[in-house]
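Labels run A, B and C following the written order; every chain starts at residue 1.
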Amino acid sequence: MTTRNFETNMLDVNFINIIDYLGTFAFAISGIRLASAKRFDWFGAYIVGLVTAIGGGTTRDLLLSITPFWMQQPSYLIVTGFALLFVIIFGRYVIRLKNTFFIFDTIGLGLFVVVGIERTLDAGFPFWVAIVMGTITGSVGGIMRDIFINVEPLVFRKDIYALACVFGGLMFFSCSLAGVPEPVTQVIAASSVILIRILAVKYHISLPALKGADDRKNLRKK
Amino acid sequence: MTTRNFETNMLDVNFINIIDYLGTFAFAISGIRLASAKRFDWFGAYIVGLVTAIGGGTTRDLLLSITPFWMQQPSYLIVTGFALLFVIIFGRYVIRLKNTFFIFDTIGLGLFVVVGIERTLDAGFPFWVAIVMGTITGSVGGIMRDIFINVEPLVFRKDIYALACVFGGLMFFSCSLAGVPEPVTQVIAASSVILIRILAVKYHISLPALKGADDRKNLRKK
Amino acid sequence: MTTRNFETNMLDVNFINIIDYLGTFAFAISGIRLASAKRFDWFGAYIVGLVTAIGGGTTRDLLLSITPFWMQQPSYLIVTGFALLFVIIFGRYVIRLKNTFFIFDTIGLGLFVVVGIERTLDAGFPFWVAIVMGTITGSVGGIMRDIFINVEPLVFRKDIYALACVFGGLMFFSCSLAGVPEPVTQVIAASSVILIRILAVKYHISLPALKGADDRKNLRKK
């Protein structure tokens, strides 16, 4: 009951666990870094890191009426503790490791989306709900982080982040529809999230900002 | 199970559906307009619109331990998509339609309050909880919208908004107590929300701002 | 079912009720004072006060899949109403009563932490979850208050606040492990929260702010 269905299905349990923890670590680091820029104390930084790492999955589990995943084993709290220690000790080097964290973060994102989809389908919901929940799992932690540190959520400007989650969900759906075996479907879905995210960042691809309505200055002058 | 009790009770299902969707559309437009003023991208604007439209009902359903209403059929996500399309295409005309949206928004508010009360009573809670839930259904979406775009929630200054919801709830309670048939009770409660809101906006009626405490400059000099 | 296990276990029911209401009153006052500084209207101030008082326990109950405590009896809404009345009438004296409210607030914090731990253990979760939930019960209301009035959460800078909750939880755990009778355990845990909080405020004890990462100017120049 308490083991994640995803872990036992796809590849080796240990390998998935490692990715899950690396993803959690990278998400937590992103929260702790922003908290440090706002001069939060250690405990405050820990909380922001934790919320960034588990906020998406917690929101998903509440909506699905499931006990939140991090209440079933303390590893997510411990991994976030290591992330805090890491920033305290290696603070000045964290910026140099930016690319490393981007990779962790992106692989974590791919995994989190697939975990979110799996848990939703297991709970008996249709596919469109699963795609929404995969996106919530991947992106709500970052939104909560930005609300906590009192800035406008970044994800609303870096659309490809959330959009990559939606696309991964659609790939999962298409593969399932086509009868692709589940482990392969999971790998394809996670990979497409990762690929889109990397391409978007590398080539600065983004959706247009919304014009009009309350923003008169931005109306085209045709 | 998945159809709303409200819809089958009151008047014609199609008519209620139309009001529900118009209300959702108007709530979503209000979120998308504010997101556009903050230069969010399309996807970010969609999310803010969606949260404005479904945030109140979702909070209510989580508190009642019911599966959130929008997870039972995709229509709310689709209506929000149309709202986004509308702002993208007709951005420059949205301001001119301000009064039209005010009407939709207000009728939606009246309906949402009644739906919130109904669902709470169906879940077996007493009337005072139902009045709170009606108010949450009507006003939490707007609070979440303002938190997302990082401004102080407007509803805390435009009191009559939330207060109209409370009044509608009290009307519902009084009518039920007096033995008024349910469909009539629903119409009276929704109408009183709508009426109070329109009168408050038309005649600039509002509750006083709170003085004192931390705000020395505003202490009366008697 | 609807009575709190804590109340019937520890000391006299009436005495606990009084502390519970004083704590709720003090938490609500802290929200209403900050809302008044932002010129919210009466209803907005009431909502901020209510969220400050019940936000932590509500988050805990949602995570535990329990019906939120304040939906079982209207007393928390009523106490918040009295807190609003108090600020409206005695606004200019509230600042002078600062120390009195600090005492109420701190005693309330101690109680809330113990109530949070009790409810979590009753729901069948292990001790580390109970400690997290005790901390959430004590500190999330203040975080929600600060998000609502659009400032950076204070608790992230006044670490000892949340840390006192964690310490109280550890004391509870240690006493239970040592076979100390439950009522005594509860008193010791609540007292240690109160003591740490008072000492931290009196001697200006706080955790260091996090340095490094995104904050180049704060890197040590050794």
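In this section, contacts are C-beta pairs under 8 Å (C-beta built on N, C-alpha and C of every residue); 3 or more make two chains touch, one makes a residue touch a chain.
Computed from a predicted model, the values in this text were never measured in an experiment.
Asks: Work through the pairs of chains, note which ones touch, and then classify the graph as line, ring, star, complete or other.
Replies: complete
Asks: Interface overlap for subunit A and subunit B, more than half of numbers shared or less than half: same or different?
Replies: Different, since under half the interface numbering is common to both chains.
Asks: Taking each chain's centre as the mean position of its Cα atoms, how many Å separate subunit A from subunit B?
Replies: So the centre of subunit A lies 30 Å away from the centre of subunit B.
Asks: On subunit C, where are the residues touching two or more other chains?
Replies: Correct list: 62, 65, 147, 150.
Asks: Could you pull out which subunit C residues touch subunit B in their complex?
Replies: 32-45, 47-48, 58, 62, 65, 67-68, 71, 74, 77, 87-88, 90-92, 94-95, 147-150
Asks: Note which residues of subunit A are touching subunit B in the complex, please.
Replies: 62-63, 65, 125, 128-129, 132, 143, 147, 150-153, 155-157, 159, 162-163, 206-215, 218-219
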